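Residue numbering begins at 1 within each chain, and the chains themselves are lettered A, B and C in the order written.
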Amino acid sequence: MNAPAYNFAYLDEQTKRMIRRAILKAIAIPGYQVPFASREMPMPYGWGTGGVQVTAAILGPDDTLKVIDQGSDDTTNAISIRKFFEKTAGVAATTSTLDATVIQTRHRIPEATLHAGQVLVYQVPIPEPLRFLEPRETETRRMHALGEYGLMHVKLYEDIARFGHIATAYAYPVKVNERYVMDPSPTPKFDNPKMDNCAALQLFGAGREKRIYAVPPYTKVVSLDFEDHPFSRYRFDAPCALCGSEDSYLDEIVTDDKGGRMFVCSDTDHCESRQAQGHRGTESAAPHKEARHG
Amino acid sequence: MAETNDGLASDEPLLVVDGLAKNYGRLTACRDVSFTLYPGEVLAIVGESGSGKSTLLQLLSAQLAPTSGRVSYRMRDGVLRDLATLGEAERRFLFRTDWGYVHQDPAQGLRMAVSAGANVGERLMAVGWNHYGRIRDAASSWLERVEIDTARIDDAPRTYSGGMRQRLQIARNLVTEPRLVFMDEPTGGLDVSVQARLLDLVRSLVNELGLAAIVVTHDLAVARLLSHRVMVMKAGHVIETGLTDQVLDDPREPYTQLLVSSILPP
Amino acid sequence: MTAMIEINNAEKTFTMHLQGGVRLPVVSGVSFDVNAGECVVLAGPSGAGKSSILKMIFGNYRCDGGRIGIRHQGALLDLARAEPREILSVRRATIGYVTQFLRAVPRVPTIDVVAEPLLATGVSRDEARQRAAQLLRRVNIPERLWSLPPSTFSGGEQQRVNIARGFISDHPILLLDEPTASLDAKNREIVVELIAAKKRAGVAIVAIVHDDEVRHAIADRIVDVTTFAAAA
């Protein structure tokens, strides 16, 4: 271990046991928000303290960790968390979705299909899907307990009334195992179908709100909708400019100050793997395209 | 309506209240209240503030547990059930289907930041309606019934006037065709001219739908216009009860005579 | 002959609690019957208790003693002891009451004010409006006023609207309190005809009428209310 001053993976064993108990309960009741004694972490709230605690509690020395932020392995947040665990747990890190055993994520689900044995840990800012319309925690808990989810459709109704279609594009509510309505964290609704019947275990940690919830492997996850306005994943107009992928979630990259832009996969590992396999997009000839303008 | 109202003997009571009392420590909020309400009947509970009428309304609508006594309600399956024995889920279900509750302050009964259409549609969605177009049609026809311009269906009630908010609250409550509606000073915060319009609307809706209603009011004019029967309360107990025009035109008890004589002539 | 109303020893006393509990006897020993198709006119000076007796028959004033038997839906019901909902049922199906004053809800158009009692007995809105229109025409309310609320009308017009409203239903008992008070001779004549038609239809009528001519035209029997004067 590189930093003997810390216990393995930063948290003390008692805390990990407490978190694991919460995780076990969350797995036993899919979609149900289990309260837990969230700890202060050496990073501010909003930077993934919930996800980090869940990861710390489940990480073993043999695990291989991947951390992504908006699909990318190389943003500040992803690098900081990856380095944090490399330092405090000494585990192997990877950017490969296929090789990772634990993937901590903020705002995306990887494009590659997850396989059995993997754990996907989501960082969650606001775990309560009903919060938008019902500010009282006592009331939302009661609504969950009694399965009163009419309010969730009020939110979708408002979308259609205002925009003509369900405009909620992220944190799109889902019903888990035909029982609890759950906020899938601010992932784009594009990713919602990947949650359904997923082979990997999905864990959700909200540090500031002190809640953990879970979707066990192969669980039914259905996006809420209306009969006459069914759930739909939007389609992008163009394929990825780098790898030519037509079915991945794209980010808009501004390339100059003259309105130039391109759309590329938000999942960097997916994009790079495809390019390595020889897939090409319109801009892929120049991997360091910015240099041309510099 | 005629059929539901006129078969006296065969008619079964909707709400049976028996020896109801509520104490807060040594303070008696109300005591020994018993009455029977039949389908289609409107009962007004009148009295000055502090007379216990609002506490009574909360007891009747199962929002408050009585210290003693009992309220029984005939569920849609025809069985008379003691409200105290209902589970929370059943009670809440009753509240958003078979009952309505109109608050004095519409902000308490509405979602102020949500569009009028969704305010009316919420109860339908709560009972499983899952077709946007049909929900919207229902909301729109209810806005019409309460005389709100349907062009304002997508506006939030915080942009509405007081009278419109109150009418919207009524539409929101009636959309599931409840059989019993509780009203707490429904015209309380409104201008006199707006009050008349609202009372007229409530009166015709109650008639058309054959609703039973319990209306708490300190305004005897409201009681006269809306109710069949009246119950006069003072200091937590029922002073006098009877046919509304009988109690108001021929009051028997000293307190009722005082109340009636305090009204300014129209 | 079927007695539609059988009043037996009815009495009424007001106790004025705000005036130190003064007891104000109004009437006592009120006893008379009214048969189907018969019009009984109550006579006596003002203050003798004529209106109070009408109100007792309607269940508006409570009866402190005796019986007020009303033939309601084939059975005799004692109104002095009836439940509020029984009284409501009697008013819906059996007793109509025409007062001197129109007590209408603001904003409601005249035609609906007149049609309302029919609607309450289950008649369809179209038919009720049709019959209301007939009656309004009969009592000379110009058609252009039908869609307006009667609150803006003159006293005489309001009175006629009130009569139309009172005469529209097929109640077997009709109570009339000064139905012709503010009407001109021509309209008084129309009301007399309406009353005659009701009698022919077998309606039992109790009326208070000050106009000698009208009283003479409609009364089958006069009941002198002074004989019921309560001993103070």
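Note that in this section contacts are C-beta pairs under 8 Å (C-beta built on N, C-alpha and C of every residue); 3 or more make two chains touch, one makes a residue touch a chain.
Here the structure is a predicted model, which is why all the values come from computation and not from measurement.
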Greatest Cα-centroid separation from subunit A: which chain? C
Hey, which chain is the most central one here, using CA centres? B
Using Cα averages as centroids, what's the distance between subunit B and subunit C in whole Å? 32
So, in whole Å, the Cα centroid of subunit A is separated from that of subunit B by 47
If you average the Cα atoms of subunit A and of subunit C to get two centres, how far apart are those centres in Å? 77
Would you tell me which residues of subunit A are touching subunit B in their complex? 133, 142, 146, 148, 150-151, 153-154, 157-158, 160-162, 226-229
Residues of subunit C that touch subunit B when the two form their complex: 14-18, 55, 59-62, 84-89, 92-93, 105-108, 119-122
Note: in the complex, subunit B contacts subunit C through residues 1-3, 5-6, 8, 38, 41, 196-197, 199-200, 203, 207, 225, 228-229, 242-243, 245-246, 249-250, 252-254, 257-258, 261
In their complex, what parts of subunit B are in touch with subunit A? 88-89, 92, 96, 111, 114-115, 117-118, 121-123, 125-127, 130-133, 135-136, 153-154
